[in-house]
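There are two complexes below, and they share chain A, which is joined by chain B in the first and by chain C in the second.
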Partner chain A sequence: MQQTYTVANQLGIHVRPAKQIVEAAKKYPNCNIFVEKDGKRNSAKSLVNVLTLGAKHGDSVTLITEGEQEAEAQKEIGSILSAAIDGHGGN
Partner chain B sequence: MFGKLFKAKKDTFTITAPITGKAVPLTEVPDEAFAGGHMGRGIAIEPSVGKLIAPFDAVVAHVIHTNHAVILEHASGLQLLVHIGINTVAMKGEGFKGHVQIGDEVKAGQTLVEFDIEAIRAAGYPLITPVIIANEEESVAELEVLQGSVTAGQDPVIQAVLAK
Partner chain C sequence: MIVRGIAASPGIAIGRVWRMESEAEAANAPANIEPSAVESETARLMQAIAESASEVAALRDQLIAKGQAHEAEIFDGHLMLLEDEELLDRARNAINDELMAAEAAIAAARDEIAAMLESLDDEYLRERAADIRDIGGRIIARLTGRSDMPPAGGGDPVIIVAPDLTPSHTAQLDPSAVAGFVTLQGGRTSHSAIIARANGIPAIVGMGDALADLRAGEVVILDGESGELHIAPSEIVIAEFAARREAERAKREGLQSLMGLDSVSLDGVRVELVANIGSPADAVSAKERGAEGVGLYRTEFLYMGRDTLPSEDEQYDAYVSVARTFGPDAPIVIRTMDIGGDKELPLLELPKEDNPFLGYRAIRISLDRPELFKTQLRAILRASAHGNLKIMFPMIATLAEWRAAKALVDACKEELHGEGAAFNEAIECGIMIEIPAAALLADRFAKEVDFFSIGTNDLTQYTCAADRMNQKLAALNDPLQPAVLHLIERVIRAARAEGKWAGMCGEMAGQPHAVPILLGLGLHEFSMSANAVLPARGLIRGIDQASMAALAAEALELETPDAIRALVEARVPAIRQAY
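Let's turn to the complex of A and B:
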């Protein structure tokens, strides 16, 4: 399944949210998870791959989840992609 | 004891300091994501010189467009993330001068980023710079970190036993 999200974080998907996406994606070992922007599709389970997507504030990013628990993965990672601020610690 | 000897036969990869300063445990980083190890294992350097160099021959896997963070990939597949300062993403590149682009092949000792220590301090951001393995699960079997005063390109900060 796939869904497109708008990056709300003013700073884009920088190192911290990118790592959150990777950590969340790794919770679903039997689900293939990709992030896609402007036709470029990268694995969501590698920090470098998520960062090289270069998603900035306002960009549309499509999240593709295929496999076990794809709906749960979609929900969890989608909420990070569309979060206005980094998801923890009040940073 | 013997275990150690046998393990020593595996490939040990020594990473020297990419920045001159003082190497301290990651737990001293005033950011829960780094201090708690959620970003990966490694060490932090309190910089005394505003220059980031490549600690080994590598490909630049990523440079954040604001030049405050770089990921280098070694031929073994190990990826090293250096994140200059904390929350410095908010400086939007000001005070950071990048010298490399994504995909560049760099040599050990080559300057990657120059940064203005005074400007970062004046903006109110901690300078402490986490140096971490970005893909430990895939690349590293064991990891040891070394603390103390370090000179970029000379003193080791991380010793990793490579997974492959």
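Let's turn to the complex of A and C:
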């Protein structure tokens, strides 16, 4: 399944949100997860790949999840993509 | 010959040049393998990566144990990159498909990924290429079994000259082997510069091509304060710098022993020694210099030198970043923007004024442009969920201004409640006392505000009617002018009578002659340039508040700044040694 999100983080998909995406994606070992922008499709389980997507504030990014728990993965990672700020817990 | 670069980490180092060539690492390794060796070569690579990961984890834990959480975060990122599937896949494919040796394979994968990052149009992400190069180099060093660092215990400490130093290199520098380092690339805020400062290793960065002919083994002097490298210095110059190095070492060791100690007087009165900062990067270096928090965050720098106003999220990120640097409990006083006066902002198209210091500036603009002001207040409030933030309004002259500003804070709180956003409901709001009008009515303000912070630079120029930019008026622009001192006394007394705290964020708060008097007057928070924090702590730990109260009472009776200084010198001889 796939859904398109608008990147709400002012800084775009920077190191901190990218780390969160990779950490979340790795929780689904039997699900193929990709992020796609302007026809470039990268694995969401690699920090390098998520960063080199170069997604900025306001860009449309499509999240593709295929496999076990694809709906859960879609929901969890989608919320990171569309969060206005990093979902950091405390200090 | 003297060559100049960017001063990155203070201190003097004298030693022989040790040149590090970044690409020497893989040069001697065989480039290709036989097809039968693919499996063992891949295993060798995986082994080296696993070893590198435990090395990095150990390095990170060491930094955390040393209280350098900020530096440790750099290596957290490296750990994630070390297990990155893109890097691994590329390296494994290079071994498998192209029969590359593990060293060459990881070098190729590293260079490809670094090039991908460097092609992005985002400066911050481009700099991550350095992280990839760092871990690539580390894995190669593991594979070749060679270290590109000078050996410890191999004679006199050397001065490393390198194209650039990775954060890994810098964090592993052994002071018994390395006296300092010089890099051809890099800036003051590069990771290596930050780590060098935190570890007290003198460094100069960004030397450029000037060192192309510098030979290994030559004696050089590195002055990390001025950013100068002396090549082939004479015996006389070496002796001079050696003496300076000894004097600085003795002083620094004295000051360094004060890191982490309480700022408490001999009779047990504890005060806060905090820093004035203008950016999140300043916060990092302030903490490195012993500051307990921030007494003045000059937020106008967020607005300057740009074409658009900073968004709420951008400001939020900056405030959270400062709070994170100091931790959840440290006080962080955020002054709302103080535009105008000597700080112009072309963006707002403010008309040119004849007397900008007496003009349309600071809170006067903020109250006139509530949409601008509320963006900042909302950002501060939201950031208050992550630390002990406090809001401070600049240039308050009347109670009505304070109340209007406070009402806007309350309105923003209501909005955030409606949006379900987290913030500190009990966030402290205070004012700067820099206009005599506010100082004179301090007792009335004290009933309503949570704190005062005395801005002595402006308070002095307004009280004595002396433009602080005019060198001819320097004698009038002295916060130890008795009239100014009386206003300060009045403000501190008014705060204490209402159980509120009074701080000071002007330069006076860190001046050796003023600190004993201010302690005596009952000042609670001293906010100063970060370099003054440890000397002030040493001073305060050696005097007692009760005697300083008596000293302050006498000082208030004197007629000139010079007489006050002479009194302090006579009573507190320690001020000469503390600074």
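Just so we're on the same page, the second predicted complex is superposed on the first by the 88 of 91 C-alpha atoms of A that agree within 3 Å, B and C clash if a C-alpha of one lies under 4 Å from a C-alpha of the other, contacts with A are read in each partner's own complex, and residues count from 1 in each chain.
Quick note on the criterion: a residue touches a chain if its C-beta (ideal position, glycine included) is under 8 Å from a C-beta of that chain, and two chains touch if they have at least 3 such contacts.
Worth saying up front: this structure is predicted, and the values here are computed from it rather than measured.
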Applying the document's definition of touching, compare chain B and chain C: which contacts more of chain A? C
Please work out whether A:S43 is in contact with chain B alone, chain C alone, both, or neither, and reply first, second, both or neither. second
When the two structures are overlaid on chain A, which partner does A:V15 contact: first (chain B), second (chain C), both, or neither? both
Classify the contacts of A:T52 with the two partner chains as first (chain B alone), second (chain C alone), both, or neither. both
State which residues of chain A lie in both footprints, the one left by chain B and the one left by chain C. 11, 14-15, 19, 46-48, 51-52, 54, 88, 91
Interface with chain A, chain B side, in the complex: residues 31-33, 38-39, 61-62, 64-65, 69, 71, 73, 79, 81, 83, 87, 89-90, 102, 134-135
Okay, in this complex, where on chain C does chain A touch? 77, 80-81, 84-87, 113, 116-117, 120-122, 124-125, 128, 132, 311, 313-314, 316-317, 320, 323-324, 327-328, 386-387
What part of chain A is in contact with chain C in the complex they form? 9-12, 14-15, 19, 22, 43, 45-49, 51-52, 54, 56, 84-85, 88, 90-91
What residues on chain A touch chain B, complex-wise? 11, 14-16, 19, 23, 46-48, 51-52, 54, 88-89, 91
